[in-house]
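Several structures are given next for inspection.
In the two assemblies presented below, subunit A is common to both, partnered first by subunit B and then by subunit C.
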Partner chain A sequence: MKAKEFKPLPAQPAPVSTIGVIPWLRNNLLSSPFNITVTVIIVAALLAIVPDMLDWLIFSANWSGETQAACVKDGACWVFISAWSQQIFYGSYPDGEIWRVNLSLLLLAGVIASSFALPARLRNKVSVPAYLCLPFVCLLILDGSYIGLKEVTTDLWGGFSLNVLIAAASIIIAFPFGFLWALGRQSDMPFARSVSVTCIEFFRGTPILALFFMGSVMLPLFFPANVSVDKLLRVWIILVLFMSAYMAEVFRSGFAAIPKGQYEAADSIGLGYWQKTLLIIFPQVIKVSMPNILATFVMVFKNTVFLLVIAVPEMLQVIMAALSNSNWLGGHAIEGYLFVGFIFWICCFSMSLLATSIEKKLDTSHKN
Partner chain B sequence: MTLAAVGLVVAAQSSFAGSTLDAVKKKGSVSCGVSTGLAGFSQKDEKGNWSGLDVDVCRSVAAAVLGDASKVQFKPLTAKERFLALQSGEIDILSRNTTWTHTRDTSLGLNFAGVIYYDGAGFMVSKKLGVKSATELDGANACIQAGTSTELAIADYFRENKMSYKAITFDTSDQTRAGFESGRCDFLVSDQSQLYALRIGLKDPSAAIVLPEVISKEPLGPVVRQNDDEWFNVVKWVVNASIEGEFQGVTSANAKELQANGKPGQKRLLGSEGDLGEKLGLPADWAYQVIKQVGNYSESFERNVGQGSPLKIARGLNAQWNKGGIMYSPAMR
Partner chain C sequence: MFSKKTTEQIECENRPSHLGIKSFYNNPKHRGWIYQSFLFLFLIGFFYSIVSNTLDNMSAQGIKSGFSFLNTSAGFDVLMSLLPFQTTDSYLKVFTIGILNTILVSIIGIIFSTLLGFIFGVAYFSRNYLIKKIAIIYVEIFRNIPVILQVIFWYTVFNALPIARESLNFGDTVFLNVTGLYLPLLVGESGSGLVYSALIVAIVSVFLVKRWATKRQEKTGEQFPILWTSLGLITGLPLLALLVSGVPFHFDYPALKGFNFRGGITIIPELISLAIALSIYTGAFIAEAVRAGIQSVPAGQTEAARSVGLKESKIMSLIVVPQSMRVITPMLNSEYQSLVKNTTIATAIGYPELFTVFAGSVLNQVGQAVEIMFMTLVIYFCINMTISFVMNRFNKRSEITTR
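Let's look at the complex of A and B:
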């Protein structure tokens, strides 16, 4: 008997009742009495809020002008933001020297881009030293006095560029520190272990606000009477220590995710401790920790606005100072805070997108 | 590996060794502690330039000591940091709307070098309430910012006058103003200098008035470190020179003319006669530079908080002693 040959039926289009807008609405928004109620409430709320909000934000807003007097319409006074934009982005950095801030930001962007673009074998030799040198190069450029440029003292640095640069400088230096602390924490040497554990637990267990206050109010008391360490430098050290503790825990979870077999395999081919750690374990730790590392970076970046409590002129502090200028006393707080929120949201959201893409790129699908 | 070999560049700066006056002359600038932003007293503009009544004190000192009012390095400080910044030598003068109190003067190792603004808690009421004096406020609701000395002042004032009030407190001055504007309270209590700034922020400033009563003492002035009498004298007499300048009728416009052809008192002040500058360790034309570059007290007042500013604060207590106020400079001779 001749076997019956298998012939698949030609594919049929999906039933009309499951495609298109109306079925989608029915399935997703109106599938049950409860869902219908929720949908109606949400739509009603949106209708009540959104038109007024858009009107205030865009249609009745004041877009052009240079002083408060230009804000005659009922809506938002965006003139406030545009008039203060230089302060908001660069602080009081002198007009003619702003290229130095831009150069520093470009260097940061360049180093980040290089770590993606370079072929894998160059990445360790070029990108890693570039990252580690970056904070100090930027420091020299921004300060200027050591490289023959006009000196710009740190009290003039400020605005959004300060938020970005100090966050980047902190996390870059926190990287090696955190790595060493994480190694120390799981080391067999009692001294290294106890020092690491103490540091990690102290800085992780203390709120960043308390640390900033300590850095700005208490720390100067410990210095000799005629020595004062620059405030921004103190803040940077605090941020580095704080982030190191968080990075150490990120790395620890990475170490824990590496199977024992990897360590044993490295031992069996005769690698020493540092060879094993740096060549076999560390690259895998970085890979599994990448999402957490980026989440930590987003955290430190957002934490930089807390610098306003110790009068460092970061972005939010600039807004507060602008609000108290006697020529701008018309109550522009909402515009100011919305703008700061918007800028931070853009940055943090793009970092999340970046994190997702890195995760995909590094995924070699042997997750344990 | 060299990962651990990340050296930290500690830019330690030696700020003062011995006398502040010598240190200021040597480094060529005055470090001045100011607020992070207070309308009319110390505020930044869009270009990052500082202005205000408190700021002018530091500019005046720089003009007197260094001959250039622009040689000031401003350090914004929070209320918590301010005294420590002065004690640790980070700043040379603290000019940050600081109230001169007995406790601060005696227990912090600091000296107050004079008063540049006599402030005090006052009331702002809505015009439609029809109130002309604070004594008519019995039983009213008060908008107050929590944790301020104003809270104590108003409690004392109402108890003394056997009146009652209901306090509605807010965390920030913005919220206090919003509370007042939305009608949650009948009147708003704050320092007089702040009332005017709050009033401008109202949607309709003309609907509110500031009552004449001042119910507490808040004399604001510059502060220096104790045990440095030389510097203390410089700051004290720079403040006095600007007040005396107004009294003698010396302004930034006529200072040059009066230096050459003024009355004896004016010539002494401006350094063309006598040796007032030398006794302070300053150039002979110290007060001339102050008035020429920054202006006398009246000019500074009107420009920053008075009629020439959006705040439009009346001179009141801060007028000269012969014009109904209590601003008085000791004798310049």
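Let's look at the complex of A and C:
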């Protein structure tokens, strides 16, 4: 018998390149007849729309000037935005006092930054009280009458800073409330549990607009006749209650994510209920709920625009008032709404990116 | 043997009685009752003060209470109503019309947002780079802009349309102008009953064919072209009936008379803007839910489907989407509910749904805030409970069939 002879297989052709521009195009845009058609249609549509849009938005837009007369070119009239920029951001807050709004915004930024920058030991002791005090400090600064500054009544507050501050103030105060309601919902006490469930379901099931409406027409009836509560304060109360219900649900899913062993371990070393909840469970709940907390904040931030329905001068309401100003009747609605939409989009999108990145950092599972 | 007590038990029994109060308080069960009674007393006081303040304030302002106002005549006209309405009709009628309008816009919104959501949610997994990017851009743009701004934006766009005389004309049948969208109306004459019954027969037989085909496939593995058969049945049978009965239908076309169109169906701009904004906004959230649901299906399922030789399009519709429904349905439930709650933004543009017309106009005239808000909220709760009920039933079904 002859020994088997070694015969190499014929050489294969080199694989079609998978890197570079042309293979990328082939794989991602032109992989099948259907994809080719879709790509052609989309590219044609983009070519038809995008140049005109960019032209209107940027190239032939009017960028400089003071009055409507400066808008001579065909494109968008951004002069409208720049002329009204102070009202858009600060409402009718008096000119000389705007530093107080800026100071409040800076304080908010500072408190948020400090909660990330402080060392872990100080964080709970400094940041938590700082957060809880912030809304009241801002109220004192903005109102001014209690700390010896010129009083600025709340009907003058407005603009984008109002959207930011009232959303932040609501979610901060909603934190402890939401936490209490979530604890109540999963407690063993039947009465406390049913009260919590009722609160949560009522405020989650009611349209926010109906709540604002109730805040403006019904809440005044609830207070004694000689007490008149400021409109913005009523709105704040409503927003806090609304947010508390949503935060309670966020915390509930956070509680569910904590392993049972954590509760049992805390019990076994003899911690009391509040020690167990605040020292062991709460920090872990905050950690796992962070993406959802951010999502809830995005929601309330968007919902602050609904305040225009009860004539609170938030950003969109200011724009709409500016549109009906007799010097600006040139139909700049699209510019105004695009600008508001853009500002909100920037804020909400960056927060949702932050939420996604936190979620990715927390997610250590190896699914798929 | 049993009579011997441990030292602990003896100690327990002989515990001095002055510790009684403390041990009573240290029992978490007793403490729970103490806390709850405090809560109870607080709530009693809270509600007592609210009710007494409200009654005082109402009597001081001369506001009546009770539901008798519902029978008085409204005295204002409603922009759009699904029932015949006159200004002399009662507030109760206004309430009913508001509910119907809310339900109408909710149904339109739910249908279109689901379509948009599923299209863009599945498009996220497209192999085509452009489709995928467009899906991402759609979701990220529209869910991050307040929905009330979107509604006002579309309404403004609508108001920029030409007037009735220069309206956009789509083949002399559909007209679009600043006062609304005008569609032809299909009117049945005598003898149209045959066509309707043919349609019903077609639908029933499609169900029967589908059941038979599923059974046959389970038994023999042979597939039956269900899609083409059903399309043929649904179009063929009514067409046949149409020819037999001599086309007992005509279209009522909208036509320009005087300053505006008469005839056909009119869809007011408020409804269109609201429906567009709600569908696009909620659609973005649904797309996100669909994406998350599809991603929750383990990659092994797709690989297994490929290894048994299923086509790519079949893998999506037969393997991945049915399994992802378990994750998607609960999210759909909450998105639909928030869509219904968001219909209240109609008040910014004046579409006469429940909130605008009842909690807005009627409340302004009557002033009985408590009763009116109560009635309004009850309706929203009822609609949302219905949605929740239906979706939970649907969820149960999808769980059984997929496992």
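Going forward, the second predicted complex is superposed on the first by the 335 of 368 C-alpha atoms of A that agree within 3 Å, B and C clash if a C-alpha of one lies under 4 Å from a C-alpha of the other, contacts with A are read in each partner's own complex, and residues count from 1 in each chain.
The rule we apply is simple: a residue touches a chain if its C-beta (ideal position, glycine included) is under 8 Å from a C-beta of that chain, and two chains touch if they have at least 3 such contacts.
Values in this document were obtained by computation on a predicted structure and should not be read as measured data.
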{"item": "Fit or clash between subunit C and subunit B when superposed on subunit A", "value": "clash"}
{"item": "Partner chain in contact with A:F251 - subunit B first, subunit C second, else both or neither", "value": "neither"}
{"item": "Touching partner for A:W157 - first (subunit B), second (subunit C), both, neither", "value": "neither"}
{"item": "Which of subunit B and subunit C A:F282 touches, first, second, both or neither", "value": "neither"}
{"item": "Subunit B versus subunit C as contact partner of A:L209, first or second or both or neither", "value": "second"}
{"item": "Which of subunit B and subunit C A:L316 touches, first, second, both or neither", "value": "second"}
{"item": "Which of subunit B and subunit C A:T39 touches, first, second, both or neither", "value": "second"}
{"item": "Touched partner set for A:A333, first subunit B, second subunit C, both or neither", "value": "both"}
{"item": "Contacts of A:V217 with subunit B and subunit C, given as first, second, both or neither", "value": "both"}
{"item": "Clash with subunit B, by subunit C stretch, listed 163-171, 199-207, 217-225 or 289-297", "value": "163-171"}
{"item": "Contacts on subunit A seen with subunit B and repeated with subunit C across the two complexes", "value": "213, 217, 220-221, 223, 225, 308-309, 320, 333"}
{"item": "Residue ranges of subunit A touching subunit B (in the complex, touch as defined)", "value": "83-84, 86-87, 91-93, 95, 132, 136, 139, 143, 153, 155-156, 173, 176-177, 179-180, 213, 216-217, 220-221, 223, 225-231, 233, 237, 274, 278, 308-311, 313, 317, 320-327, 329-331, 333"}
{"item": "List of subunit A residues in touch with subunit C within their complex", "value": "27-29, 31, 35, 38-39, 42-43, 187-192, 195, 205-210, 213-214, 217-218, 220-225, 273, 298, 302-303, 305-306, 308-309, 316, 320, 333-334, 337, 340-341, 344-345, 348-349, 352, 367-368"}
{"item": "Residue ranges of subunit B in contact with subunit A within the complex", "value": "1, 3-4, 6, 8-17, 36-40, 43-48, 73-78, 80-81, 84-85, 88-90, 174, 177, 197, 200-201, 304-305, 309-311"}
{"item": "In the complex with subunit A, residue positions of subunit C that touch it", "value": "28, 32-33, 35-36, 39-40, 43, 50, 53-54, 56-58, 60, 127-131, 134, 140-141, 144-150, 152-153, 156-157, 298-300, 337, 341-345, 347-348, 355, 359, 363, 369-370, 373, 376-377, 380-381, 384"}
